[in-house]
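So that we are looking at the same thing, I have put the structure below in structure tokens.
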């Protein structure tokens, strides 16, 4: 166990230190190799860590050996270990896949590109593992700045605009978070999460605390792309390089959600959070609005990447809906979907990436009849789409199942109707693509397109397989999500089903 | 050997067929080869069950506590599996013959999806619990979607869209939440001979769940969610024949029977407030669909509405909630399967041989295609429920079930519907045999190719054989009920 | 600006002073306000001043772009490796007390080293910023992009309002 | 009074349409803030803010202004929704401020917890007098490492954006 | 709580809101970046004033000084300032590139250019 604790911070440090090295390496293959090695290493450590904390233990690692709250500690339980596993896992699968797409989209200075990628990932992981609220801010900015730089690598000039607008919104969000942290600090003198949780009840009648909670939630909601603060997301996802879109879609918003949950449930405690502000109802309303608006806008899109981006807005709604039920079951559903959605979006964006790479377009009307020419890619897309819709035996089905049962458990049967309606809206936009690709004839003047090489397809199919595997074997995901929910709020909410 | 084998064989076959897409001979060989081991497997499972009562239960994995993917042999499922596996053997040559003769493309995709659909049907038949059944139910919906849309014309696509939308809206929108609710209330979804809801679920809630589930099983085509079935007729006829006369729709009514028997339990079901309501909706569907069928000139559309009506027979049998009526429902599943596939085979054979697809165009056709029309006649007898066809027995038990349950109105409806059956199924026969052919018919029309003709003769013969051999099926099914 | 004799003289005098002050701030950071970050900025400011007077090319001859870029990465790496050393020597990551036998001296050594890392990174990144932005104008001119004079007071050259 | 001056300068920055003036005013604003920090006993921060806010930021913005138009062209753009959002946010902060502790009171939680440890133990732990340096580089050194990474990330990002040769307005594919 | 104490907080809040408003409303990208700078620095004041102890002095140990201000906020704000300049630099680099790509750095003009492009 001691060795595991010693190893745990290297989930973050490995990519963080590999980043600058990567920036120094010349050529194309060397930086890529280093990036793959670093993410794979982080993935292995994350997996071991999760295995070690599934039983409810908490690993604590004090940097510089200064005991918290004097120093900064990493504090890992099932909740953040699961998120860390998702981040590193998705990156490990995507990186080998992405080399040719990066070659096509980032012809120069790939060392910088991979360095930024590693730093962005390290930032996300740092946010996930840390037990110090100011450290959250620092690593949030690390990942954000790297992300802006990565999005700007997109080939379309609108990528620049998307990056700039994300930079403005993201910085406003981070500053809101900073204001919230300021109040927390002023009221308690501490920045350590555990320490804060102990001290906050003493100042629970302060109005400043209410406002602090509000600012932190709003600041993170921007990063989370919670409706109506989602405006940065569609453009950023649409014009970013393919690897970045797939990676961000699978991880970035999840991390923001995780931090929000950590703060709301662990630092403030649900008893305070949901009494001080009408958080449950506000989140529920926004979640439902996001589910419908996102799904509806996804249906209207002509650009495949954009369609999936809006779908992400809707899917974030599901997760937040789970949270808004304020029960361990609901929280478990949120965590489960957090993980599963990462898998499905990674698979979907990765297959769209192959389409973009091979066919040079991701506009739906350009994809007529392409299924015949790229059967493996489009089949992967269709199968991952099934997971998004929530058809068994996919991971998406398990998500829906758990979310529905959490809603019923909370006595909110009407939510079930809304969940199902939006699932069927997902059916509409996925089916539209599948139909265009498979059932329309390829126009005579359309350029010929070849199926991608196996090493492009392999990782996509690996992700698709993961979607099916986790739809059948839920020990890891459901167990992890339940453990995560209990680690976050088990004590405060009582252990549910 | 476990039921998993039966599920796996067509799935493996599908993969093999898909991989052999560019080698036509190998592909055809694989298509022919797939049904045989499947049939053998089902027969072995049957004999193991009949001889030793061995259910060969196998739990594949546990998703959550009380939620398992598990398979087991049970008599009702065996009946369905036997029906599907037997007809698959004859349907495969028919499908290949039809598709090649009709000049359709993408045979590998077609046959692979066809095989997946069969595998899904096996999964439904051998499901040990509602979740497993739901899993394969959805696989069946999705795997048949490319089949319905196969030609890729605007009409096919819009038909397929209606098809998939209705099936998924009902299953995801209604069946899934009902299932989650039952699981939360009872902690299980396993099929139990006495049902799982009695004593655990408040009858008021149970009444609601009955309505939700009856419509949630959209494949049973209860009005007003029956539109998908006529929409599916845009598919090539082999699809209509095996899938929309047998595998898919029978999966629907099989699910209905299973849910009524093993989830609700007949006693509990009888006590629900909405049971009469749903019963009369089924009866209404039965009559109304027959009336619509009467007005369809398109042969396949007429057969489709006939199917809607016949499915309602079986649903009625389930909802009457007596053992006799459930038995009748189970038998009708079998008998109607043979009868309807014969009719569809004939319709397809007529279409590819002569290009005729309307009832009014069939005048004098028997002179050119005597064997086909004879088979059509036999199939019609079976669907109507007249001896010497197997359909007679199932109707008999359905009617006596209704009678013994005291639902005289339902008895009346059965009789009325039978008369309507005669009214819409016999005219094609009489026109073909008795009316003179129109002058402008091309002289080259002859019987369909052997690959199409032989299967339809076989199934026609099967309906007659079942009249004599109804006893084993009867014994098998009574085992399910006692 | 090379022609302006007074400026050159002042600069010759000022720049070494600035750099010296930067070094003082860097290594005296434990005793008085200051540290790696401020020192880095000062150092970079000295270089920028130099560039203002002698031009970018001369500035780059002293420290080539490639070196600036590499130093930026190496500074962070220095920081990270000092931290790693703590981990390797049996302590926690960034635990300096195990670096030397005497914990207090070890802490001081660690602090000086990581501050040096920060200083190097900050100085080189600031230089990099300046060099990239400053060079952009020359490149843009070479490409014939439309440019505006930053000190142009003529209001008539405002782009018309929509 | 310094704060009042800041408000005036801040408003001026927002209202002027001349970006060059805005930049200069922003530099003044930063210098004033640096002075304020010095008054609040934050010598290190004051030094940094002066160097960064008045120094680097200004130089960088000026460098960018050499490449972009000097005047804003967008119409005056005061929108009601924005005003409402700002008012709500501000009102929330004012509401919070009512319960904030007394300014500068040694009894504030900030001065009771964690902070005193640094003040009392720094010398014992490391033997250096500058507590800010101690906290920065040792107690919370992972934050500072993050800080170094942040600046490097920005450097890499800017490098990636500006190290390519500029081209004339290009649409779509760059 | 004295009026003066409130006044400090409120002045800071007004500053924050000036910056925030500037970010939301102004269409010019450089102006947005400057606004962001004002917004962030005003938050820094909040932190630093929290660390102040009346009668205290700069947290560098000296003989004869008993009361020191709290060093922790200073450290946090040092980090935050660095984050601020990093954001500013990246934002400015993006501005330069956007100007090259669109010929403008004002929202109206860019929106107009963007509306003509296909999705």
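Labels for the chains are A, B, C, D and E, by order of writing; each one numbers its residues from 1.
Throughout what follows, a residue touches a chain if its C-beta (ideal position, glycine included) is under 8 Å from a C-beta of that chain, and two chains touch if they have at least 3 such contacts.
These numbers were taken from a predicted model, which means no experiment stands behind them.
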| item | value |
| --- | --- |
| Touch-network distance, chain C to chain E, counted in steps | 1 |
| Set of chains adjacent to chain C and to chain D | A, E |
| Shortest contact path, chain B to chain E, counted in steps | 2 |
| Per-chain CA centroid nearest to the all-protein CA mean | A |
| Chain located farthest away, centre of chain B as origin (C-alpha) | C |
| Most extensive contact between chains (C-beta pair count) | D-E |
| CA centroid of chain A to CA centroid of chain E, Å | 28 |
| Geometric centre distance via CA averages, chain C-chain A, whole Å | 35 |
| Rounded Å distance between chain A and chain B, as computed from the means of their C-alpha atoms | 44 |
| Cα-centroid distance, chain D relative to chain E, in whole angstrom | 4 |
| Contacts with 2+ other chains: residues of chain A | 16, 20, 23, 63-64, 115, 134, 138, 141, 145, 148-149, 152, 157, 179, 185-186, 191 |
| Two or more partner chains touched - positions in chain E | 16, 20, 50, 58, 60, 72-73, 76, 78-79, 82-83, 86-87, 89-90, 92-97, 100-104, 108-109, 117 |
| In chain C, residues with contacts to at least two other chains | 31-33, 37, 69, 73, 76, 80, 83, 93-94, 96, 122, 129, 132-133, 136, 140, 145, 159, 162 |
| Pairwise chain contacts under the document criterion | A-B, A-C, A-D, A-E, C-D, C-E, D-E |
| Complex contact set, residues of chain D against chain A | 92-93, 95-101, 108-115, 117-118, 138-143, 145-147, 149-150, 152-154, 156-157, 159-161, 163-164, 170-174 |
| Residue ranges of chain E touching chain C (in the complex, touch as defined) | 58, 60, 78, 82, 89, 92-93, 96, 100, 103-104, 108-109 |
| Sites on chain D touched by chain C in the complex | 20, 43-44, 46-48, 51-52, 55-56, 59-60, 62-71, 73, 75, 125-130, 132-134, 136-138, 141-142, 144-145, 147-149, 151-152, 154-156, 158-159, 162-163, 165-168 |
| In the complex with chain D, residue positions of chain E that touch it | 1-2, 4-22, 24-28, 30-31, 33-35, 37-38, 41, 44-45, 48-54, 56-62, 67-79, 81-90, 92-97, 99-109, 117 |
| Sites on chain C touched by chain D in the complex | 29-38, 41-42, 44-45, 48, 69, 72-73, 75-76, 79-80, 83, 93-94, 96, 103-105, 107-108, 110-111, 114-115, 117-118, 121-122, 124-126, 128-130, 132-137, 139-140, 143-145, 147-148, 150-152, 155, 158-162 |
